[in-house]
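In what comes next, chain A is part of two complexes: it sits with chain B in the first one and with chain C in the second one.
This part shows the complex of A and B:
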């Protein structure tokens, strides 16, 4: 059994659910209360890729922002993969995610990534058009509708990313 | 003591001049030269040719050059320096040029020297602290009790507590961290140390902290976070271009450990640099590094610490102490000034404190001023700034600040308003708003404004509790309210809606602690009662021996039907089920059987009539035949009348 560590950063506007997604993924819990992340918070989770290989994801949950600053950029260094998160009930957070993606590309070059459009349980307040998402998918983006609350697609997205990282 | 052999002879004999040589000496010299020529002829020749070498260097430069080049190639600069005695030459040159242009050198060396000085002072301090701590520990045997207590409190075995306290340091954990990604390459901890829950996250966190500190505080690129202190723990961080070595040390971490760690990192880089630099998350590849990391898990206990202390050359300690002493004195003085300035600044920014004068007398701050007793005593605050009582002489007098904040504070103390009253001072007017008890409001009337330091008291937004309650509840005129000892008594009749809204509304009034609505009745209930009474008073009259009422009575049937409808609706609303008994009645004339039959018919007729008016249920019949023989007023008994029965359980 071999374990490979990979650093993965979560990027996205504030309040989109990065911390909640990590909590769902790591401890399978969903704290309703919103406590904004200050600076950066780390967690780890090991996922099995196959019988001989496990990926240990070192998740860097970075304070939400619509664009990178010097501090957040330095946190990105050495990242093997990225998770972009948007809040499906706030369209502008998708714009932020696209902006962050561009800036991260400039810093890191192309690394495996996934885009989570989160809070899919709040479908009544949905604010993001299908066509935009389809367009991204056509460009080869891995886009997931996720929910930290119900757990929808959380594990799937991270597993896919982990496979892209070590596969 | 050794003495140069020439010295005593010079001292003992009077000095003679050079040209006053004796004959004897001349002969001696000649003989010596002849002997020399004879013995050293060959050497003289060689010497001459060497002299030629030296006096005409240009002629031989081609021969020397390759030699030099070769020497330089071998990079044996030190030996060239030595051979050529360049050391002294360079040194002299440096000294000379430093003397010529001191300013330039100071400027050039400043960035190098300053950190070095800082470091050495810090180090010296730490060392001093170490020995102090040690002395304290040794001299204070009460510690043992404290350790017992600590062991008892923390549940750690006593032996371990003693071990902890008698250790001067112990490197408990070593993290080798990939510099770029912050991934943990290897992690070791010393035996008996509790394993970390998630050392990978710690490693990532350490990296993030470094980045954070660097981005936030560092002036130039070569500044890095060296040390992190957390309680009893110190984390030393050393780094090269590929990796960061973080060592967690319990106790007094001697600075010398840094060298050990630096060295370990160098060895790792030398042997595994390639692997570390290409680290891709697979730590098993770097397992051999553990052996090197192991060498970092050092510890030292106090007994050996003490021995070693004594073995340090006393001279060096003395020098160090003098240096530290001078440095400390200056540092201390500087620090005192800094603290005093911070303290003064803070006082100046505090409302209710006025500094009338301040000055320094050596290492003492003299300060005079006024303060409002409602702020913290300025004297007491000095400790927060690290100033000792003996470093300050102060004369404080109290005064009453006229700033609104203080006036408000004072008035709050004086008037003690309930927390439902807000108190503000603006433009010399005391503005009170909210609700209060009558007695509290009454005392306000007795207060002349001048007495409390304002021109006017504005109470137009002030109400009694009852007024506030009345305003909120808007009771109908049929209700009376009383508010006594925070209990609200509500009496009278009101609509069901109003009564039901009461608890919710009262909850928003913090001063209403309880309420009593026992004697409050629904007005709907009263209405129901009224309808019952009016229905029971109504009769429909019939002609003699007739089962249909007179035409004149027909319109009364409509009225009755209307009353019954209202009554039934209310009974549903109030959840008070009713049954209406329709009583057929006759006078006493005729046979009993006939009369019973007639009464039955009259009641049934009535029910049929009511049905046509839409009343389909809730009706029952009953008969009543008067047995007593009436002389007059027989017509008054030929009727149907009504009786309402409440069938609910609570009735």
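This part shows the complex of A and C:
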């Protein structure tokens, strides 16, 4: 069995649920209390791509910001893939995700990525129009409506990214 | 510490003071062997071995190692699984890659607490902003709905005004000629008199209904003009009673007038005020019992208003219906189909009274009767004298409606004995004024061939027309 290590950074505005998504993905748990991330936290998760290949994802959970700065830019160095996260109940966080994508492209060039529009369990408070999401999909973006709370689409999104990283 | 190359130690000295807990990991550039300080494992839960490649053991080296740059590279505030945080400096020297870890856990905890508060405040601000936007949207929607409702109401009133006007015009002819039929000297067959009576009764009911609807439309369109005069009300009460006395007598209902004749003057439109009184009195007759009575009482209240009470001895109004009796199309106990009425009379009365700065109300007890009241504030200035009116000789009627001209001619000449003069355009109006001594001018406001208001204004300015004002 061959294992390939890949660095994947999570980017998104504060409070969108990046740390919770990592917790759901790595330990299948959901932390009920919101605790702001400062700096960067690293975690690993190995996913099976096929019978002969596994991807060990080194997940860099970077403190939430609406734009990159010198400190957060340094974390991106050598990143093989990116996960952008927005909060479906806060429209402005999607704008932040788009901004971060632009800045990351300038730093890293084109790398595989997925966009998770998180907190899909809070559908009654949904604030992001489907038209915008459809436009992004038409531009080739891999967009998932996810919920770290229920686990909706978390594994699917990460698996798709892992496949794109090794494929 | 001595294992760290001198130039790296110098870099270290510049970056942090001695109090910071310092750890290191050194990677030999030639054989990739590792050296590390004793505190690395304790602080950061790093179990290092020579058996595995550096980047597999040290997650923070992912994407960075093998380090090719000549300048130091810094990863700030890297939080480890031990929950300790370090600033990691990757500093290259001639033979070794030095990874220097400066413990910033205390700083990180402080920074986290600060950032947590900042983020929570930001979230709160975003929520407030969203609530404000939602409120703004709701307000705009309400305004839009309000405008829509106002337009719809205006269109309804306009429609009502047109329809009622079109109904009123032929009705004037029907009622006028029915009245003239009664004046024919030759005796008519008894059935014919009955038929005329029925035409007049139905026509009058229709006319009062149309007038009420017109009033409602005017009030709703803010088009209702009242012409207030400073008047005492005792004569208006007596006049209204005398108008309705024949109807009351027919039902053996007695009027008992206990009005105070020395009340101060109030600002009222006499036509509209009489309309209110007649409406209240008509209701008192309609909803009374046979051999009942109507007590009219007027007096000065302690709030310095003139109050009129009209009390009947009828069936009364159910308490459930009492609060909506002044609303349009509400008839209270009159669900009884035998009693004529549209349910807009009282609504008109309330609106008219309010236009005269007054108020109306009702008390009622089932089986005992109802008391309708109206109050108008007393005017600050009071009447000194009342002018006597002139007798009418030549009456000029300005209209282009043939039926109305014929009707007015019959009424004025045959019934009042006045000289009937007629004009239907501006020039003939002026000719009439210049060649005749006119006692009164009647202007048909619905005249089609010219603007009635323009004529009215011109007559107001005309010296010769002033004499008949």
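By definition in this document, the second predicted complex is superposed on the first by the 167 of 167 C-alpha atoms of A that agree within 3 Å, B and C clash if a C-alpha of one lies under 4 Å from a C-alpha of the other, contacts with A are read in each partner's own complex, and residues count from 1 in each chain.
One rule holds in what follows: a contact is a pair of C-beta atoms (placed from the backbone, for glycine too) under 8 Å apart; a residue touches a chain by one contact, two chains touch by 3 or more.
What you are looking at is a predicted structure, and each value in this text was computed from that prediction instead of being measured.
Peer 1: Since both structures carry chain A, what do chain B and chain C do when superposed there: clash or fit?
Peer 2: Superposition result for chain B and chain C: clash.
Peer 1: Mind working out whether A:90 is in touch with chain B, chain C, both or neither, as first, second, both or neither?
Peer 2: So A:90 only meets chain C here.
Peer 1: According to the stated criteria, A:40 is in contact with first (chain B), second (chain C), both, or neither; which is it?
Peer 2: It touches chain B and chain C both.
Peer 1: Between chain B (first) and chain C (second), which does A:14 come into contact with in this model arrangement: first, second, both, or neither?
Peer 2: second
Peer 1: Could you say whether A:5 touches chain B, chain C, both of them, or neither, answering first, second, both or neither?
Peer 2: both
Peer 1: Please work out whether A:137 is in contact with chain B alone, chain C alone, both, or neither, and reply first, second, both or neither.
Peer 2: A:137: touches no partner chain.
Peer 1: Could you say whether A:127 touches chain B, chain C, both of them, or neither, answering first, second, both or neither?
Peer 2: second
Peer 1: Touch check for A:63: first (chain B), second (chain C), both, or neither?
Peer 2: In the superposition, A:63 touches chain C alone.
Peer 1: After lining up the shared chain so the two structures overlap, which partner does A:75 touch, if you call chain B first and chain C second: first, second, both or neither?
Peer 2: both
Peer 1: Across the two complexes, what residues of chain A are contacted by chain B and by chain C?
Peer 2: Residues 5, 7, 39-40, 42, 44, 58, 60, 71, 74-75, 77-80 of chain A touch both chain B and chain C.
Peer 1: For the complex, give me every residue of chain C touching chain A.
Peer 2: 55-56, 59-60, 62-64, 73-79, 85, 108, 111-112, 115-116, 119, 122-123, 126, 130
Peer 1: Would you tell me which residues of chain B are touching chain A in their complex?
Peer 2: On the chain B side, the touching residues are 178-184, 198, 200-201, 204-205, 208, 211-212, 214-216, 280-284.
Peer 1: Per the contact definition, I'd like the list of chain A residues that touch chain C in the complex.
Peer 2: Listed in rising order, the residues of chain A that touch chain C are 5, 7, 14-15, 35-42, 44, 58, 60, 63-64, 71, 74-75, 77-80, 90, 92, 127.
Peer 1: Sort out for me which residues of chain A touch chain B in the complex.
Peer 2: For this pair, the touching residues of chain A are 2-7, 39-40, 42-44, 56, 58, 60, 70-71, 74-75, 77-80, 166.
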